[in-house]
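The two complexes that follow have chain A in common; it is paired with chain B in the first and with chain C in the second.
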Partner chain A sequence: MINKKAYSKPTIIRHSVGVQNKFGRPPATVPINRLDGFKVSELAEKHGSPLFVLSVKALRDRYRDMNRAFTTRYPNFQIAYSYKTNYLKSVCNILKQEGAWSEVVSGFEYDIARNIDVPGNQIIFNGPYKTHEELIRAFEEGAIVNLDNYDEMQVVEEIADELDKVLEVGIRINMDLNDPPWHKFGFNVEAGHAFEAVKRAQSGGKLKVVGLHIHTGTYVDDVTVYSRAAQGLVNFYAYIQEQLNIKLKYWDLGGGYASHNTLHGAYMPAEQTCPTFDQYAEAICPILLNGPFQAQDAPKLFIEPGRALIDEPFSLITSVVSQKRLPSGQRGVLLDSGMNIMSSVQWYRYNFQTAQDSGAMLEDTIVYGGLCMNIDVLQASSSIPPVRRGDLLVIHHVGAYNISQSWQFIYLRPAIIAIEDGEVHVIKKAETREYVQSFENVPDSFISNK
Partner chain B sequence: MELQFKSELTISESGFLFDHATGLTYTLNSTGQFIFRNIQDKQNARSILSLVMNEFEVNEDTAHKDLDDFIRQLKEFNLVGE
Partner chain C sequence: MAAFSQIVKVVLRSYGVLAFSAHLIPASLILMATFFHPMVGLMGLIGNGISNGTAKWFHANKDAWNAGVFGVSGILIGLTLGMYSEPSIRLWVFLLGGSVFSGILSVMLGNFLSRYDLPILSLPFILVIWLLLLTLGVSEQDSVSFITIPYLRSIDLWLFKSLPLAVFEYVKMFGNILFQENLFSGILVLTAIGIYSRISLFYGLWGGLVGLGTYTFIHGSLDGFHGLNFILTSLAFGGFFIVNNRHAFIFTTIAIIAVGLVDLGTIEVLGAISSNAKNNIPSLVFAFNVVTLIFLFPLKMMPKTLDNLRLTPIPLFQIRSPETNMKWFRRWSGLKTKQQTILTFPFSGEWSVLQGNHGEWTHKGIGRFAWDFIVRDERKHQASGFGLELKDFYAFGLPVMAPAPGTIYAIENQVEDNPPGEAETERNWGNYVIINHGNGEFSELSHFKQYSITVVPGQFVQRGDIIGYCGNSGRSPVPHIHFQLQSLPEVGAPTLPSTFSEGMQNKEIQLEFIPIKNDLVSSMKIEADDEWSLLGREGQSWVFETSNIFGVKNETLTFRTDNRGLPVIQSNESNTWYIIDRPSFVEIRPDFKTFSSFLNHSPWMDIIGDRLFLPKKLKHGLTTQDISVIKKLDIYTIKTSGYLFVIDPVHGIKSIQHEENDFKYIRVGQSKLKK
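Let's look at the complex of A and B:
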């Protein structure tokens, strides 16, 4: 028998001049055969494709690294994990084990935290819309509540009457830190609104202002934004201390810390631009420690990271469904996952890596999601080796927002597994038709008798 | 159908391709080079398919689909006509 040569898909790549730059990331030709020791192909075979995979070790490592960076620089520090980025019960439990408090922005999230026995006094309740009932529960259970607007302040004053006690509150403030500035949340400092809000809260006799909260933005990879926010907090604290004799129990620098994902339009890949936790901590802590207090009276410092903790530990295994040649000559590859479970493709330029050896010839490819919608494009231009139907791809750093913002649309949402210490746990089963339709009801009169 | 190169092309042993008419350059992998050289030898698409299957460990469906895609790409790059 004649030995034939190994086959790879015939490929021709046209050379472009001036496209790649010296900061370009290395070509993704090394296949990702395994995730935390388990063969990608076997995970997909057993649990289906697409499949979200959580590396528990990576999650614990991210938390510990961030916690170390801040606790070594500030005496009284606490991470409150931003639930909205991913509130899978397993994720919330693991971070609770690690010592994280919970930052929630709705009554639903508050309930998730309480359901896994997070004590009320380890929950920070933010968000611009909190109902009367949710606020009563939060105050009764000792949660930290940061007020967003005057309407909310009025509701909380009513609650103070109902509970017949003075309620401790935090005030959300914003500053002109970015372009465009984030003015949606809280009261603006530069316009004098923040001072007015603190004065108004304090003067009513029903509330006591004990905290300040600021959220600088989202995916803020410029640490100087945090330095300016920290300086703004120090200045504002000094002013309200002097004018209103306020003594803060805490200040909260919110979230926004970047992950190792490259934004659309970014010149350099995130591997080179994403600050380390040490860089964030160094930009914040020394400035806060210059605040108007003795070291032993330092207000507790909260930060509320989400994506920076949860993006990296998750990967998505997905399959090639088909490929085609577009009129432009570009190759198109269609996957079995779509924007319904990968909403963050709106912001991130993901790297698609094959799970099998596919040869070293990368080709510019448009990556389509599997939804029957023209807008379902996961990546307009990505360098991918030759692939064929059934091949597996791995996308790293997909933990933030994709699961909590996923929508059930024409397909059932996939299973989610977690790997730790050589064990695979299914932490969310794949959806079934019965589950999706379980809350529906069809009146008898709608049913055809024929 | 017979495939014809549209202009003078030079290919190196490593698969580096130069188009004398446009000055553009390309890289081909080993399977791509094999097909390319058979187009140079005036083979038609059908015979190239059998040659690929004789030369490489591949089933007909895959080879056929890939060959079609490769030829489509050569046409998009304006390297071959029929």
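Let's look at the complex of A and C:
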């Protein structure tokens, strides 16, 4: 039988191979036909498309790289992985194996951590909304709790009464570090709220302030923001030490570390702008070590990276469903994955790379997701070589938020596999209709009579 | 009654000290030998008593007094006055005054010399007796004074005639120690030495032999030969003050020859001084005292410079015999480390050993006990990218920390960093910091980044304080930290064999370890559930109870500080263990020097053995090579070296049990603080 090629209307397009424009170089046209040694086509065939692929080695390397950069600069350092970016059990387990603690922001995430046997005293419980029950459990299990507001402080004081002991807490603070400032979490330093909060917590007699937490923002690729935050912490610590005689057990610089994904508004590609972990560490640690203490008594430094650890190790295999010409003449490509599993397209400008040799003739293309929704555009303008229905594309660096924020909508969510040491493990099966509907209940009275 | 028997013992021991023996039987034999001239012997005994009494009256050091060292000069004064002067009332007065004076002098010299850990020997005797003899005059006596006891005298004379002269002189020489010139004294003294130590017997005989040779060689004949200085010096160095080995043998022999020179020189000088007296003032034991102190001083002051000569690891007054010295020394040197400094890694995080001890490039010869540390990433690379620039190297610019507390002794901050791959061989050490740990040990860290050193000489640093930043200055082709422990403060001084006291080696907790090439090392990281401390308050005691078939027995462990201010635990009044407080562990190390007798044997001695580590940072599941920790209801059980320590973080050790047998050591109480 002759394999007939699909017809497409002839078009004249300008060649612009390998020319750098103000957004950097166009993506390489070398096909990505293997992921960690496995043929992309075979993976897609066996596990379906779309398919999330985790390179376990890449994840471990990211963690170790970050840990090395900070531990060689600060003697008492601990990474607490931000669960919200991706709380797949396998991911949490691998990072626990590597030595990461867990940073959780809800009772649900707390439960995930406890479920994989993270000891209570290796969990940092942040987040602006923690229930009474969740807080009791956290304190009973020795978790680190950082307080966000006075209401929460009051709840914790009540818990202190219930448990009949003085509870050790951290206070979340914020300061003007970037524009727009992040004032959602904690108490503001410049306005004096933070000092008042520490004083208030301490003077109640039920709480003991042993930690400070600051979160600088998200995707902060300017390391000087962290330097300013670190200096702010040192100054604030020195002040509360002097005024309130507080001795910190830890301070926490939160998350926000950038990954190698380019933001929509970015001028340069992330490969050139994303700071290395060494640069982040160098911006933070020497300043903190100038704090009001002897080096060997330095408070434990926590950071809570999420995206910086988990973005790079994940890739998405997706396939072309169809292509078309728009009235403007621009080419459109429709993929089998949509915003339901790729929510981060809102802020990232991804590269779509082919998994087979499709030539080097890049063309400006609009990439649509597969949802039956007008807004489901994965990329309004992307340079992609000619692809046909059934061709596979690979999107790198998709680990953060996409999976934890994915929603089941129109389509079932795909399988997730992990590759390590030449072995493929399915870490999450593709959803089925039965699974999606398993919690549903239809009263008999709703069922139409035969 | 107890006091009386104690006095008798001390008086008796003083006789033993004459021949470097602490045992009572040899001491009794020597006492017996002095009574071959009953009157002389009596004077010696009286002198002994008075000297010891005076020293007691002056509150002399208790240990020294118990050992009998203050009686020595009194005995010798008694013996000398008896031998060299005519009996008279004046003589008895001189004996009384001289003994009191020598007692006081002994206390004074003892105080002074103990600062240098030197013995007083018979120095007070020499000073006092010369003064006395200059006043009293030396009476004419036979150089060979046979025993005055009638029956023995005839045997003595008969032996003199029948034995070959050389043998007679050789044995007789040992009686010289007591200023006696007869064969019986010689035999008794020899027997006494032989009873307490075969090594001393050998050295005594060897000392006599070398002495005879030296004297004959220098003086030309055996005329006026007295062997006592040679024998005493030989006994002193032959295993008593220094541990016997072949180096000690050579050292001792040199000392004996030196004695010959000093003694003959002294005789000449004394001859000139006492030209007006009827007879020459005898040189007595002056040569022995002088040579022993002169030869001992450098060893005491610079113990680490002479590698092969080992000082006895026991306080002066508790030395028993050359054999026990060797035994303690073996135990002491069997310990993995002798270093005083508790070393931790001079950096933060995980580093890799580029070159270890006895390295293939530069850690050779006197520099063999050193380490070079670098940082490697997951791919084992030292730098990101191609490593063309210094800043690509992970290690470059990382903080370098003090490996132990101390005072900055010297720094160099001016040497520029080499580009990668190049090394300066002129200023090998580049920018460096030398830290004086105050215990005779110095840390030297090298190859800092130019102008990065953050400390100044004279500044005190704590463990872990940042002292500078890693660079590539000096003989350093890639950024790294060079570390070594040394016994002298100069840069490039010989390295000391050393171990890192605690840390992680290839992700495992290690104590007292020597990282080797390519090891991944980092400081200890224990997320403790609880912490406890073994240290009690000064004078506080723990009472432990054990029971065996003979019944229930208590042992009291008391917390004290030793004279250097180090915390110790003491049991049975004298047996002492150091408590060495490390960052994450506590080490209990016996101070073997204080284990004066096995009569004071105790369960605690068995439990601790040669050395014991207990984690201070308690964590359920913590395991090292030979320690494991289990937590149950806030009580921790630490399993180590066959024992189970049950520890309550608040109150400390509750009990100790043996894993296999039914030995139980239970804390029954805590005595009140002594004032």
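Going forward, the second predicted complex is superposed on the first by the 428 of 450 C-alpha atoms of A that agree within 3 Å, B and C clash if a C-alpha of one lies under 4 Å from a C-alpha of the other, contacts with A are read in each partner's own complex, and residues count from 1 in each chain.
Note that in this section a residue touches a chain if its C-beta (ideal position, glycine included) is under 8 Å from a C-beta of that chain, and two chains touch if they have at least 3 such contacts.
Note that the coordinates shown come from a computational prediction; the quantities given were computed from them, not determined experimentally.
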Between chain B (first) and chain C (second), which, if any, makes contact with A:296: first, second, both or neither?
-> second
Once the structures are superposed on A, label A:361 by its partner contacts, choosing first (chain B), second (chain C), both or neither.
-> first
In the overlay, answer first, second, both or neither for which of chain B and chain C A:433 touches.
-> neither
Pick one for A:325: touches chain B only (first), chain C only (second), both, or neither.
-> first
Which of chain B and chain C A:12 touches, first, second, both or neither = first
Touching both chain B and chain C, residues of chain A | none
Given the complex, residues on chain C that touch chain A span 347-351, 375, 377-378, 384, 394-395, 397-399, 401, 462-466, 522-523, 527, 529, 583
Contacting residues of chain A [partner chain C, same complex] = 60-61, 64-65, 67-68, 70-75, 77, 121-122, 276, 278, 282, 285-286, 289, 294-296
Can you list the residues on chain B that touch chain A in the complex?
-> 17, 24-32, 34-36, 54-58, 62-63, 66-67, 69-70, 72-74, 76-77
Listed in rising order, chain A residues that touch chain B in their complex are 4-15, 323, 325, 328-329, 359-361, 388
